[in-house]
Amino acid sequence: MRTIVRVTERVQETPSTVTLRFPYPPSAAPGQFVMVWIPGDDEIPMSLSYTQGVSKGITVKVMGETSRHVQAIEPGASLGIRGPYGNHFDVRARRVLVVGGGSGAAVLAPAAAEARTFGAELVVALGAIRADELLFRERFRSLGARVRVATDDGSEGHAGYVTAVAEDELARHRFDAVWTCGPEVMMRKVLAAAEAHGVPLFGSMERHMKCALGMCDACAFGSYHVCSDGPVFPADRLKATADFGRFHRDPSGRRVPF
Amino acid sequence: MADLSVRLAGLVLRNPFLLASGIWGESGDSLSGAWSAGAGGVITKSIGTAPRPGYPNPTVETYERWGLLNAMGLPNPGIDEYPREIEVARRAGAPVVGSVFAGDAAEFARLARRIAATGVVAVELNLSCPHAEGFGTEVGSEPEDVERIVRAVVAEVRLPVIAKITPNTSDPAGLAAAAEQGGAAAVSAINTLRALAIDVHLRRPVLSHGLGGLSGPAIKPVGLACVWQIFEAVSIPVVGIGGIRTGRDALEYVMAGARAVEIGTAVAFDGIGVFERLNRELSALLDEIGYARLEEAVGAAHTKL
Amino acid sequence: MADLSVRLAGLVLRNPFLLASGIWGESGDSLSGAWSAGAGGVITKSIGTAPRPGYPNPTVETYERWGLLNAMGLPNPGIDEYPREIEVARRAGAPVVGSVFAGDAAEFARLARRIAATGVVAVELNLSCPHAEGFGTEVGSEPEDVERIVRAVVAEVRLPVIAKITPNTSDPAGLAAAAEQGGAAAVSAINTLRALAIDVHLRRPVLSHGLGGLSGPAIKPVGLACVWQIFEAVSIPVVGIGGIRTGRDALEYVMAGARAVEIGTAVAFDGIGVFERLNRELSALLDEIGYARLEEAVGAAHTKL
Amino acid sequence: MRTIVRVTERVQETPSTVTLRFPYPPSAAPGQFVMVWIPGDDEIPMSLSYTQGVSKGITVKVMGETSRHVQAIEPGASLGIRGPYGNHFDVRARRVLVVGGGSGAAVLAPAAAEARTFGAELVVALGAIRADELLFRERFRSLGARVRVATDDGSEGHAGYVTAVAEDELARHRFDAVWTCGPEVMMRKVLAAAEAHGVPLFGSMERHMKCALGMCDACAFGSYHVCSDGPVFPADRLKATADFGRFHRDPSGRRVPF
């Protein structure tokens, strides 16, 4: 069963990223995702970037044909939504280092927002290819987070990978948790750093998804399914999974290297 | 504690609950996960000659709490890549049944020979997928076709061959008898029922492929009828499939004539823990009814009519 | 308020909701009761040549909240006595469709002629009951048989002839096309799915006849698929049946290609008040979606694939 | 869905009538019936003669093959039960005349029992072919009811039909309600008498039953279905139904005269 929702709002977050808001009453926790059906086109997994209240949101980065179509959607258009699916971040942490690369910030922002309601202290390490692609920087700031940025082209903040910023923060401060989402190579590095400093890490994973019901095996990730055992995995599960950062599966189920 | 082990076409299974084809079946880790979770054996996703991405999403649609429609479109990594997944599951100790689909008898035979070489304990032939052009139901709806395909496969492999029969037919028993005639060691039934979901607001079918297949509790009475009719028509063992979620569902299939059962949609609805619960429930139920061994119950309901 | 009236094979119905055959259909008072309750028309119980008591009880078994199994065994008062019931319903103003079942084309033709003489507005041929030896599915599973029977009936009666197609087939569209070929004015689908219920404590089937037919919400996706396939194969109108309980269910059938629908099991689950609710819900839904007339929605989902 | 119950108790009430008790938790009201499946044999409608608590009961008179089989059932045997179905007597009446013929007392006894818990005054007119066939006479008495009997053979009480006793009671006393169950010719007479004295009457009807779900039309009774609109009908519905006391339908649906 899908619920057909009408898009109420469209926000161009960055040149390549758009947020769509729509009324969707089921309760959701940050980290959870929905399956978004663009009628006449594909259905793709999207983290909820707004989880509180009835007006939920997704924040979509252009990756290919379907995400381009999603981006082109205007208020008034219909989407089919099912979910939310999957597990979520434990938002009752006290001092959290949030490490986001690219569209990874989409799932981290609502987690940060909910953590704030529990009084968490937040440091956000945000990476993007260019300054104008830094997603949700203002949103993190307005939550009272200390935000540090990294850009591939050096147009703002640290020139290079956001992992360096994360390593620096972990070296200087004590954290109770690291939350991360982004390219798996990035997450591998953040994991290594968090481990070196003894900080529990939770990473949000992506795999090709079809059923989102823990059945079809499309999202197999070692002995886990990202749709039902994830998308948020603790460090030990990530480390125990040989495919982490190395292999994913294409829609036919073939194991392909990143 | 009743004995749940069953002998099926020369195999001995620790319990009758096989992971159905298409569920947790693309990766070796998932197959062995189902085995660790308590399955009596695992059946692979139906594998074809070449890798297939399957249909675009939406590929599934849940129907209230009692059914599930899918039109995956037989995605699979192809027979060249898939043996490594079987190997992973075999190393974990799982008895793996290799499921294959093909467009004609010769392709079935080729695929069966290749998958038989990977150490599977049996081969299941998907003669019954209701929504893949050129495959499944399209090659498995006529008794002559079923017999020819099974015969071609049996000639190629030494393993037990299980023919998976479609319910989208006027005569499931006739198809099963044809499979027996062709040399099948067992038949399994049922695959999904041809089905459709429409979204009235969008005025279109929900699944990208339009037509799909219905599984889950909704189809249990249909699966039971097929197994009942097949049991009366053949002397090879029958594997019951369709909507099994509880130990009682499973025992209904066994009493209708099944020696083993396959579990599909229940994994989506209840999680992989369903295997442990099914074992527990079936065992308790047999104790309550007074069976020491599950096998005593096979076909038990037939003596009464 | 959307216009719910539909034209079907020359008839004009005030709304698309027909009382399905076998429900409230043995007595004239019940038929007119369904009409007063808001049905767009009523279909009689399937009538045969001689009175039949049907099978012994148990003749029905509910399946959770989503299905119903029955093996009534075609009980009916016979064509000699039944016209008085039709007369009662006609006097109350109900458009009555006469349903008949028979073992061969000649008997179908004789029965159709007799029932046509009672003032019914159309004749529905039960080519699809899944559990009566010598009738229903047994005479309606082959296209040639369907065509021959329909042709024989059409030659005898001037009324629209509706062929009721079985879903227990690999090719419902082929059967519908055969009915069209034979001269049917419309086809209706689906009848029940062959099904079985087993009681594990008693180790026996529940229904006295063993095999029965599954109806109700469980079969809706199967009915939708049949209607979809039939709509693509024929140009005569299609009447959709199977598991309709809400206005949305009905609209799904209409968008899949049905011009009218029949309501069966919902009467058992929700009471005869279901007709009024269906009218209300469908009308509200059409308003919401933006259709002024139901007929605009017929087949609407086909344009999208 | 049937529930398979084990018979716990068998009481020979009269030479032709037996009560079977069995645990069946669903709540039931007096007047309601269950469908009783004798595995390997038929399934037949039976009023609940015991409606309170978990231990329900039915009281069966031999009418044909199946009721003979039911009677032969011993404790420990299995029955399939579904229901309860249908409507019930309104047991909050103050002064009730209960008129039962034959096995009709089976459904009236639990109604009387529940009415007593609301403090009703009960007069019971009980008819049977012979004195030893008077069903539940002691049960009515132990409820504090005044019981008058009639027997066809005059072996006890009024010699003749119980309707005469009922007419006599209606002529002498004021009642708020008449509850009756028995042969329809009997109920027709009681209805006429109750009407003559302006007392509301409720009669429990029987028709051939198959589905008990208000679907198959087997139990059609004019514009009603006994299984879902009844089995208890108020006087006006009985009177409005031409078949009352005149026609019933056989299992094929043919209308046959009594």
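When the chains are written out, they are named A, B, C and D in that same order, and each has its own residue count from 1.
One rule holds for everything that comes next: a residue touches a chain if its C-beta (ideal position, glycine included) is under 8 Å from a C-beta of that chain, and two chains touch if they have at least 3 such contacts.
None of the values given here were measured: they were computed from a predicted structure.
Q: Figure out the least number of contact steps between chain B and chain D, where 1 means they touch directly.
A: 2
Q: Could you run down the chains that neighbour chain A and chain B together?
A: Touching chain A and chain B alike: no chains returned.
Q: Approximately how many whole Å separate the CA-defined centres of chain C and chain D?
A: 37
Q: Counting only Cα atoms for the centres, state how far chain B is from chain C in Å.
A: Measuring from centre to centre gives 32 Å for this pair.
Q: Using CA atom averages as chain centres, what separation in Å is found between chain A and chain C?
A: From the centre of chain A to the centre of chain C is 51 Å.
Q: Taking the mean of the CA coordinates per chain, how far is chain A from chain D in Å?
A: Inter-chain centre distance comes to 68 Å.
Q: Where in chain B do residues touch two or more other chains at once?
A: In chain B, residues 63-64, 201-202, 204, 304 touch at least two other chains, as defined above.
Q: For chain D, give me the residues that contact two or more of the other chains.
A: Where chain D meets two or more other chains at a single residue, that happens at 40.
Q: Have a look at which chains touch which and call the overall pattern line, ring, star, complete or other.
A: Graph shape here is a line: each chain touches the next, no loop.
Q: Every pair of chains that touch: which are they?
A: A-B, B-C, C-D
Q: Could you pull out which chain B residues touch chain A in their complex?
A: 22-27, 29-30, 32-33, 45, 51-54, 56-64, 68, 70, 72, 75-78, 81, 84, 199, 201-202, 204, 206, 208, 264-265, 267-268, 271-272
Q: For the complex, which residues does chain D have touching chain C?
A: 1-2, 4, 35, 37, 39-40, 42-44, 78, 80, 82, 209-218, 220, 222-223, 225, 228, 249-255
Q: Given the complex with chain C, which residues does chain B contribute to the contact?
A: 63-64, 66-67, 69, 137, 141, 166, 168-171, 193-198, 200-205, 210-211, 214, 217-222, 224-226, 228-229, 248, 251-252, 255-256, 285, 289, 297, 300-301, 303-305
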